[in-house]
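To keep things clear, I will list the structure first and then write my remarks on it.
Order of writing sets the chain letters: A, B, C, D and E. Residues in each chain are counted from 1.
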Amino acid sequence: TSETQTQPKSTDTPKTEPADAKSREIRTLQILSRPQASAPDEYERANLIAGAMKELGINAEIKAMPYEQQSDIVWYKRDEWDMTGWQMAARPERLDPDEFVYNLFHSSTAKDGYNFIGYNNPEYDKIAEQQRITVDREERKNLIFKAQELIASDVAYLFNVHPKLKYVYNHQVFDPNSVVEMAGMGIRNIWTYLNAAPIGQQKNMVLNSNDSVQALNPFYISGSFDSWVTELIWDRLMRIDKDGLPKPWAAESVTWKTDTQIEIKLRANMKWHDGKPVTAEDVKFSYEAPLTGEVPMYKPFVEIIDKIDIKDPLTLEFTLKRPWAAFETASLSKLNLVPKHIWGPIIEDLKNKPENAESYQEKTPIGSGPFKYENWKFKEEVVLSANTEHFSPPKIEKWIMREIPNTEASLGMIENGEINFLAVFPGDGQLLQQKVEASPNLTMVTTTDLGFQFFAMNHRRPPFNDVAFRRALAAAVDRDMMAQVVYKGFAEPGDSVISPALPIWKNPSLPYPSGGVEEAKKILQEAGYEWDAAGKLLYPAGKKEELGK
Amino acid sequence: MSLLEVNDLKIYYKTSRGISKAVDGVSFAVDQGRSLGLVGESGCGKSTLVKGIIRVLAGNGVIAGGSVNFDGNDLTKMAESHIRQVRWKDLSLIPQAAMDSLNPVYPVIDSFLEILMLKGKLSRADAIQRAQELFTMVGLDTKRLRYYPHEFSGGMKQRAMIALALALSPKLVIADEPVTALDVIVQNQVLRVLKNLKKELGLTLVMITHDISVVAETCDDVAVMYAGKIIELGPVSRVLKHSMHPYTMGLANAFPNLKKTESTLISIEGSPPDLVDPPKGCRFAARCPFQIEACAHEEPSLVSVGDRHFAACHRLDEIAVLQAKAKEVDTWRKIPS
Amino acid sequence: MGNRSKFIWSRLAQMVLTLWIIATILFFIFRLMPGNPLVAYIDPTFTKEQQDILMAQFGLDKPLWMQYLIYLANLVQGELGDSFKFRAPVMEVIWGVLPNTLYLMLFSFVIAYLVGILGGVLLAWKRKTRFETIGIIATLFTRSAPQMWVGMIVLVIFSFHLNWFPSGGASATGVVYASEWEKLTSLSFLKHLFLPSLTAAIYLMGLPLLLMRSNMLDVMGESYVEVARMRGLSEQRIMLKYAARNAALPVVTAMAVGIGYALGGNVVIEMVFSWPGLGRLLVNAVSASDYALAQGAFILSAAVMVIMNFVADILYSFLDPRVTFGKGR
Amino acid sequence: MNTDVRMEQRPVQVAYRKAGFLAVLGKNLAGAFRFLKNDPFSMTGAVIYLFFILIALFAPLLAPYDPHEMIKHNGKLAFNQPPSAEHWLGTTNMGRDIFSQLVYGAKPAMMVGLTAAFFVVVVGTLVGLFAGYYKGRVDGVLMRVTDIAFGIPFEPFVIVLVAFLGPSVWNIVLAMGLLLWRDTARVIRSQVLTVRERSFVEAAKISGASDLRILFVQVAPNILPLSFLYGSLAMGWAILTEAAVSFLGFGDPAMMSWGFMLNDAYASQALSREAYWWIIPPGIFIMLTVMAGFYIGRGSEEILYPRLKNQ
Amino acid sequence: MAENPIIEVRGLSKHFEARQHLFRKSSTGAGVLKAVDDVSFRIPKGHSLGIAGESGCGKTTTAKMLLKLYEPTSGSFLFNGKDITHLRAKEELKQFRKQAQLMFQNPFEALNPRFTIFRSLLEPLIVHDIGTKEERAAFIKQALEQVNLIPAENFFEKYPHQMSGGQLQRVVLARALIVDPIFLVADEPVSMLDVSVRAGVLNLMKTLTERLQLTTVYISHDLSLISYMCEQTAIMYLGKVVEIGDTMSVLQKPKHPYTQALLAAVPSPDPDEEPEEVLIKNHVPSPINMPNGCHFQDRCPYTEAICREKTPELRQAETGQIVACHMVTPFFDRKAEREEHVI
């Protein structure tokens, strides 16, 4: 536990304290956070929030614990925690607002789904449901805007920041014009990999990861670094384009016949890396395999599909059980196309075994993607080579991802050229900027993250079940200061689940409270909160602490 | 000329308490083919003396004076590389702890081969042959050459060490307490080996012991040491039968004799002086029943008292009286403990 | 003979017993922790059915005692189960990094014990000189310095500033070795190996050095060394064949035990130098709640330690003819 | 000599007997520290410890800032500052005073070191004493337990345990305590094996003393110095381990330990920033404390690996 | 014999398991080491028995069994007429411990180096709850004076390393006597002492044991010392008593060839005396896995076939002592039974 230094200001609190002060005292609130060692920014933000709370006369205590313990409490002991640090990471499919808007706050997911905070607002539920089936973009946008408004005024989350993604590449190796920036995702994306043009001797792209590749498996959603690789080896029917919207990829065209019927035309002459042609059968197999139960992680993305018909060798028709606005993003851009001749027998075989497709590792993974698997040295590197026969062949020769858990080392290596693309840098942005500025070879590109950092409050527990309390807290927490101090400016203050990086979905004017401690106190006072002689915050009259010791 | 002549040898140890004069002006000589027994209480400097002779003193020991003439050369002045040649080849020393004198991780034969091949310049085959001869000579089964030292009993180790000492047929062998810690039968066997070698090879021997019976049985001459000095020296029968120094007399009293069970044992009360700060006069004075004025401040010198017999005592002139008195128990009782 | 084989058998039985107990303790530590062991791998959005599938896949659906029996049965067959994180047999995952740990360990031990033993002999030889005092103090420094710290400094100097050695990893980018041997003999691999080995060796060498020194001093006081001198043998011969040979016995034992320790992987060094080894694997597994993998890596290191302890005993008695076994004195 | 020593009827006094026992024990403990006086190395070690214990005790007085405080100058966070008169060792990337952290770091180091050493000494000595003295079955069981402890890889064990029990210094100490006694136990046992063969132990037995009495009155004082030596070494190991564990991110975030500082510096790229004032001091302090243990143990590594001769 | 024996030992044996090296073939091999094998004797009150024999013949092991430091493998041990072979009861054992004491070979080892002399002497008093605080100091003073350490106070605060061997051996004796034992075993009590002080300790022991009417067992490999100290003598060879009887008979008219050899081997301090021939061959064989028959068979100058077949029984010789040798003509034909080995 840790305490902040700021003392409660007692100047403007009433000198006389209510008679029933004792019973109205708010218990010491616990803020869960990962330890400073593994998540320094979260820990520091927890400190700042605890400081703000102290200024309001609320006792808060930070409990640092490893992520596993934290998630165990947050997910499985849903009414045992007060506040916790949390984050939503950027993933391409999250470019569609559905997951954030629906899963995080819909009351149906409060019991054992993503809505672990227990947010429950029937009005919001309706909007969230509505946007799912509204295929018209403009109409849907209004709904999303409305949803964000509700989240902001209810202060469902204590928003902190959208960090800035910091990527560095060596402009002596790659033509700066060929590096592609993607909204909310930065320059580390498949379009850069495909487009980056080597201008010197070095034809390979060497980038870093800071954790192990766990598996290279088209049917297993494992670590994020795995997905960097899998999306290159395996094609998908659609891919999220740099503007954040899905566009046909392996499919030549995707045509919505009705709200529930989609016709897909495959590109001609596509080949698997082993030389066999990509057929409609393969596509159908790829979408049906998850339904066998042997590919559990992909099942949620195909359950909506009623049936798939092969019209001709290059044409398929998908029929959905009901309309789903995010289908292109969450399903067509998500599922890997897998060769049936390889995986068919494997899946059949697995049906009689306790294991499923997730534990199957091909010796040489075969996809149809723009890069071919070449080598994987466990805990060292993954090497892919350009698939020159691909319909969108990369310009680089090899794509090599080196595992470098040591941040210092990764910095050193981008400086001395051991790597030429800094794909992950959890360290100090300011330092990185200095280094890049001092180097004649490096270019840094920062992008506001699609994901965001926040503190979750447990709406099931007082005092967080009171909107006024949440609003006061939100007002008291200085998000600008967070961005400046904790992120050294490499973050944008957040007020919504939608990142400012996605102007199409982001509601620019949200009623999220601000104004600092003064404003917070006003909110509290209006809601009936009082302070005792020592400056401690008390519940409004008639309410007492039920969870205290 | 004697084979070994030690003149006024002084060996001091540097200790934290000061200089310990472990050997303080010792002179004696050993003739070719004779054997000298060196007796004295524990700590009187016997081992120091012989280690000093071949200059293998502990790091803090120095030869502070005197000379050691061996076979015509002064060992104290010899260069280290030169004396290394002398060691074992001309003069070998069987150390006090012969039990632990063999490298425990090699079979015994390795020690022989090392000496015979390295210093004796024999071929391997010859060396093995010679080692077998030596083993036979000391009455050990040649099979045992291949054993490790710890597989030998104490007596066998002692014999093996004797064999090793004889490997290069040295002119002089010094044996430091070769039979202490052995029981009688084994002791007897080892002494017999030494005696036979002396007879057959004409070995010159210096033997240290604190058991005068051993000296009586094995040696021609005996030197009695007390607190860093030789206090009596002469042929065995003279020194033991007609002791000229009270300490020697006392020593004889302290020995039980199996053949004379009726006699009472008499001990010399007290303990030897501190060698860091020895008394000014006679070093035995404090324990001596015949102590007179002079003993306290004047050091007696070793003087001849007859046929090759020397003693260091202020009362040599009244020796007959002392000898008589020394046999009485009460004489030795008077000394305060 | 009877006694002897009885000793070996009983030692082997002891080893098995020890391992069994360690394995059991480990099993229960991992299983009795509150919460689902798969917590980090079961996304709460999974349906009950999906969760069950996963639990079944790792055998976690069965009652505890049955899990335990299965675990033991598997262990006996050298099966360590499947890694939660890598969805692959733990053995396979470990094999992926074991060679690197071995190389790092062997290399650093060779450096450390060469320097250590020679240094120890030298210090003993030069006893009571300033050289010795400085030597000891310097050694104590190396033995007291935190490894990550030494690693960081080494990294800054040799890699960031001088640029002599790569700053991490075990091989150069994109290199594929035809065989382990080719890898071992390639300059690039050795370059990668050097800094982490050096850092480990700096720490490791203190033990053999100090041990060797004090043993030398002990042995040099032994009668057989004194006698060797009396025999007029040369000083070198005495130092090496008599003093060092005997003084090295415990050092060799210490090395066997040390290898046991080191095979568990030097977590800190592997971390600082991004070395793909067992230690880092284990720490990653622990922090990623990959219990199956952590457990497997742990058991493996424990087994190696137990075996190396045994080897140390045997080695000692092999090298020292005096050692005896049995109940008597 | 002429006094008759027949002493037939002697009154029994139980109280005195007990007092005597304690007095002996106390005296022996004092005796165990006596070696410090005669050995400059040990003395140096003890002085270093004393120095750090004093720092630990007076940290709040010595440190100009709270080690966790993010310091603002004129409303601006003073982060990443090089050493200055205001901040002797500069500030961290979060604007905390490094010197203050260093001073505060002495406390967990000493705490971890001393408690772990205490564990090691007490458990190791007791196990060693009983195993060595009773031989036979007791020895068998205790040594098997020790073997098990020896079979457990130390660093991973600490990490696993701390990962499970939560990142607190006490858990680190517990984990170390659960294992580190093993070396002590083995060495003490082999020492006891030789001590128990010495005749004064037999003499005590013959004089009718009970086993426990012999164990604690006769044998224990003879091995206590060794235990303390081990304690001092264990202190070093404990501090190094805490540092390593903190460095790996399993440390106690509430404790401003040197290992934590190193971790913080490392994670905040102090190396790339060449902020040596941040990296070097905690390392030096760790080194000094660990070395103090070695100094007290006179670098006697051989006692860690006694010849296995008499096992 | 009229007097009841204080000590009676019947067929006492102690066997050890032999150890060996792991890799090398040892010279001895595995097996059972019969350190003491079927030893019987009685000692009447106030008498002293000397046990002599070569190193490793089982003298110390016998002594340790007499003091209940070792549990015998077989046989029985009667103390004051009571069988205490398997005595376990705490109080009774303590009582025995008070009555039977040991004097050690090595005085430097026999005292706890961390205890002052006073403390060492206090220990037995505490253990046996003897005296008050003041009385104890007086007892200790008395005990030290009794062994001629005068003035006793000077020695109270000394540590063992500050004293000479002779003084220490006296302290050891004082400690043994301070609990008023009736039985004393002295295992090579002076072998570590210098000749000049040896006699002092021996004389002291002799007078004290006589005055205090102690029953003593005196162990030494030095026959001359035994002859000086003891009334009875037992000669041991490889775990067995080969000859036992009055010292005079055993040492003056030895019957067993081993005793004869032993006597012949003792060197004389008289330089003019011709050394006797020791008629003995070979070395002491390994005590592990002894062959059948007489243990002395391989070294005996008179060995015959029967010696290799049959273990000789103890029989009374015409000179009075009891001898275990096939070649000695028995004084009378009756096999000397164990109970009859009275001395």
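By definition in this document, a residue touches a chain if its C-beta (ideal position, glycine included) is under 8 Å from a C-beta of that chain, and two chains touch if they have at least 3 such contacts.
If you're wondering where the values come from, they're calculated on a predicted model, not measured in any experiment.
Note on connectivity: the fewest chain-to-chain touch steps from chain B to chain E number 1.
Shared contact partners of chain A and chain D, listed by label, are C. Separation of chain B from chain D in touch steps, taking the shortest path, is 2.
Each chain gets a centre from the mean of its Cα atoms; the one farthest from the centre of chain E is A.
Looking at which of B-C and C-D shares more C-beta pairs in contact, the answer is the pair C-D.
With every chain reduced to the mean of its CA atoms, the largest distance from chain B is reached by A. The geometric centre of chain C is 53 Å away from that of chain E, both derived from CA atoms.
If you average the Cα atoms of chain D and of chain E, the two centres end up 48 Å apart. Each chain gets a centre from the mean of its Cα atoms; for chain A and chain B, those two points are 92 Å apart. Rounded to a whole number, the gap between the C-alpha centres of chain A and chain E is 88 angstrom. Shared interface positions of chain E, defined as residues touching 2 or more other chains, are 24, 26, 148. Of all residues in chain D, those that touch two or more other chains are 163, 248-250, 266, 271-272. In chain A, the residues that touch at least two other chains are 38, 66, 69, 408, 412. Those residues of chain A that touch chain D in the complex are listed here as 1-3, 5, 35-38, 40, 43-44, 47, 64-66, 69, 407-408, 411-412, 427-428, 430-431, 435, 484-486, 488.
Residues of chain E that touch chain B in their complex: 24, 26-27, 54-55, 148, 150, 164, 166, 194-203, 221-225, 227-228, 251, 261-273, 275, 278, 280, 283-284.
For chain D in complex with chain C, the touching residues are 144, 147-148, 150-157, 159-161, 163-164, 236, 240, 243-244, 247-250, 259, 262, 266, 271-272, 274, 279, 282-283, 286-288, 290-291, 294-295, 299-302, 304-309, 311.
Within the complex, the chain D residues that touch chain E are 1, 3, 5-8, 10-14, 16-17, 20-21, 24, 28, 31, 198-200, 202-210, 213, 217-218, 221-222.
Residue ranges of chain C in contact with chain B, taken from their complex: 128, 222-224, 226-234, 237, 241-242, 245-246, 249, 319-322.
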